[in-house]
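Below are two complexes that have chain A in common, paired first with chain B and then with chain C.
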Partner chain A sequence: MGGYFSEIFYGSKSLLIGMGITFREFFKPTVTVQYPYQTLKMTARYRGHIELLADEEGNPKCVACGMCQRACPSGCISLDSVSVDVEVDGKAKKKKVLSKYDLDFTKCSLCGQCVESCNFGAIDFSKEYNLASTRKEDFHFNLLQRLKRSEEKNT
Partner chain B sequence: MSAPIQLRPDETFLLNVGPQHPATHGVLRVKMQMDGEYIVKAETVLGYVHRMHEKMGENRTYAQYLPNLSRLDYLGALGYTHGHVLAIERAAGIEVPERAEYIRAITVELNRVASHLFWFGAFVMDLGGFSPLMYAIQDREHILDMLEAVTGARLTYCYYRFGGLYNDVDDDFIEAAKRFIPRMRKSLKKYDALVTGNIIFQKRLEDIAPVSAEMCRKYGATGPVARGSGINFDVRKNEPYSVYPEFDFEVPVYHECDSMARYKVRMDEMEQSLRIIEQGLEKLPGGPIMTEKKPKNIKLPVGDFYQAVETARGSFGIRIVSDGDKNAYRLKLRSPTYSNMHLFDEACEGMLIMDALAFMGSLDLVIPEMDR
Partner chain C sequence: MSLTVLNVIAAVVIAIAFAAANAAYLVWAERRGAARIQRRPGPNINGPFGLLQPPIDGIKLMTKQLMIPGGADKILFMVAPVLAMAPAIMSFVTIPFSEGIVARNMDIGVLMIFAFASLGAMAILFAGWGSRNKYSVMASVRAVSQNVSYEIPMLITAITVIMVNGSMDLKAISLAQAGGFWHWNIFPSLQSPLMPVSFIIFFICSLAETNRAPFDLGEAESELVAGFHTEYGSMGFGLFFMGEYANIVIGASLTTLLFLGGWGCPFGLFPGVWWFLLKIYLLIATFIWIRWTFPRTTIYGLLNLSWKILIPISLFNLLLTAGLLKVF
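Right after this comes the complex of A and B.
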């Protein structure tokens, strides 16, 4: 019998302690960020989808070597190049120029192997995270066009 | 006058729990043969999120397989990637700089705390308490922020590389981790008072769902489930890897075999992980985070390699059979919850359904990890 009553006593006490904790929490400042009205700054290493980087003249740094394409586990990168005639030190030469760089973001696992494998520092992760759509095609990015657009915006 | 209802004493009915059910975590289906509120027989049905990770391991190069490992267990992904890189490094004879190993240990332990925190919240929510989940998520958020700042991802990390890491940690991370430890210790006290001491919680877990050590051995259960049944086995202690021998920590073991014991093991483990993180941050050596000759196009020698690591859920093992090529001939992932789950069928015979759901929570199941 004594056990019965002491259990009621300790049981009620444990419930009161719990309520005390939740009550105190009630007056703590809110920590929820009201997205999309408030947003957080992405950290420097945040991995959004990859993007091409430009050199000083605004052209893509990429030399279309295809290393990233081969490194990618999911085969999301497809690129193409055209060869154009350029003049280097007075001599006519052929140069590979990137003509297409598409990313299929539906398959990308953001592993970073493409960024790591590039010896020219031509790609990096973007800070893009506001991505939502009901259509798959919206996640097929034409990165070359994206680079051109952002370069135009900058100049 | 209506005829009295005819009751057949042997009448049972079939109850289908899942695959989409709020009481199961993820897409797990349990077919339960019920006698009223009591379970006569239960049968778990797996395979709803099977993604052929093992097969993918045979078709991708070793480096390309890196992102897969973090997609097994979305709550404690780093432990799994750790096992993978360790296996390859040992097989290929790659030396890892000490700093990289320390950072690995620190981040894995942080991830373990995050995983246990989420389990804690979800487990209490299974039992009907909602607030602890919110508090746990708030603490976990701090860990995820820290890990995001170093790895660039919040859950599906692809941070470890063969021979080292993707990038180094900065002072901000070290500061944040140092600040986090006392905060977490305070929270653990709060959880103790709020949940562990709670009479309803105790009544629902104590002496409920006993899992004997014998049963654990039979099904190959590891991790907190086995340690709650008095089996003192932790891969970090019993088959030391990485820099774990350098750390001073204990393996919590409880002998009660009930759901409460499994709960207590995990709660104590969080404190032990904090101890490891604390020591790791203190001892963190300088130096490079990648071996001098960064390995490229890894080919393993012909042979059979196995590496086990202690993840948040138990012993995770990766076995690689290599025929000397740049991808594995056969790759096998031993996932801890797969074994832990299987004792559910036997253990819940004759149990009340509400107890069985609490029991399932105490097993800490992550379905994508089980199904692979």
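Right after this comes the complex of A and C.
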């Protein structure tokens, strides 16, 4: 009989404690991000698809050595270069310039081998995550064009 | 048309409008309250504070096709949602909102409300049986056993209050508590020292009678898909929903009238319909608060609570009150 009443007492007490907790939570500020109107800043180590990085003059840092293309286990990177004549210290020289850098993101597994293999720090993960689409062509990125666009936006 | 007929039509229209408006905006309040407790903003896109969400939801429900599953008992299937809504509206007829605002005051008002509230269990049973869905049948069996077992302590506590006040007229019960909160039935008196306990029992029972969490065994989503209204879409579901919220308003009104002095002011000033509305919405806010605090109980825990705790205590309370009424 004593157990009966103590069960009622402690049961009611724990219910009141629970209601106290929700009462306090009711007056705390909300913590959700209103997604389409607000977005979170991606963390430093977030892995989006890769992107080319630019030097101070706004040209790609990439020297078109092709290490990333060889390192990629899925073969999603295809790049090409052209030779152009440049003048360095008064002497005419030939220099390889990146002319095409395509990423097939449908195959990419975000392993990061390309970023690891790059000796020039020319590629990095982007913070892009709004990538939903119904066509796979939308995931074939022209990274050179993307870099140009972002440079134009910055200047 | 004679004036009486017009009066009746006006009363019915007002009752339905009040029930529908309450159902719509209590859903909004429920969603906002739940969101605040879970530290979300809740519906906030349509209109200021999401206030246009209920009419938009209503339009959505009304424009959807009403599907009747193959093999279902068509008549029971169609009757059940109406039967869930109609008794709730009927009960509004005899609830006095203030001394002057009552459609039809009856000297057996309490009895009438309980009689119509019992019909709600029939609606659930019809819905579950008519759907030809095993989840619905299981849910309705649960809900009916729950409704039956919680009606008993609820009625016994109501009888206690009726004995103390000597009337089954809701208006008379409310008027007997007029003139300050110390006259309210919730506080212990010489005749009935266990009145706060009665209030808590009545409150728990009205939670269970309206199938609200933590007692929403009838629609336990995690076990029974959506319970007895699994097969209902469109306005069939809408009527169940409206019936549920109308029942919540009736439960809160009844608790207010029986225990919290009806439309009387706590300090004896300006009694009127505003105090009544304030009290019922505070009670409904507590309903919402409880719903979003506690997880759903098991069916055994639920029935044990009624048969092993609420019924013995309310019976003891009834006997004690009966004895003390003879003494004092």
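Things to note:
Methods note: the second predicted complex is superposed on the first by the 119 of 155 C-alpha atoms of A that agree within 3 Å, B and C clash if a C-alpha of one lies under 4 Å from a C-alpha of the other, contacts with A are read in each partner's own complex, and residues count from 1 in each chain.
Convention: contacts are C-beta pairs under 8 Å (C-beta built on N, C-alpha and C of every residue); 3 or more make two chains touch, one makes a residue touch a chain.
Model, not experiment: these values are computed from the prediction.
In the superposed model, A:Asn119 lies in contact with neither chain B nor chain C. By the touch criterion defined above, A:Ser6 lies against neither chain B nor chain C after alignment on the C-alpha atoms of chain A. When both complexes are overlaid on chain A, the residue A:Pro73 reaches chain B alone and has no touch with chain C. Contacts of A:Thr43 after superposition on the shared chain: chain B is touched, whereas chain C is not.
Within the superposed three-chain arrangement, the count of touched residues of chain A is higher for B, of the candidates chain B and chain C. Once chain A of one complex is fitted onto chain A of the other, the partner contacts of A:Gln145 are absent, as it touches neither chain B nor chain C. Of the two partner chains placed by superposition, chain B and chain C are both touched by A:Leu15.
When the two structures are aligned on the shared chain, A:Ser83 is found in touch with neither chain B nor chain C. By the document's definition of touching, of the two partners only chain B reaches A:Ser109; chain C does not. Once both structures are placed on chain A, chain A residues 15, 18, 21-22, 25, 31 are touched by chain B and, in the other complex, by chain C.
Within the complex formed with chain B, the residues of chain A that make contact are 7, 10-12, 14-15, 17-18, 21-22, 25, 31, 43-47, 71-73, 109-113, 116, 125. Across the interface of their complex, chain A is touched by residues 60, 63-68, 71, 131, 135, 138, 141, 148-153, 156, 158, 161, 166-167, 190, 193-195, 197-200 of chain B. Taken together, the chain A residues at the contact with chain C in this complex read 8, 15, 18-19, 21-23, 25-26, 28-32, 34. Interface residues of chain C facing chain A in the complex, by the touch rule stated above, are 33, 35-41, 289-290, 292-294, 309.
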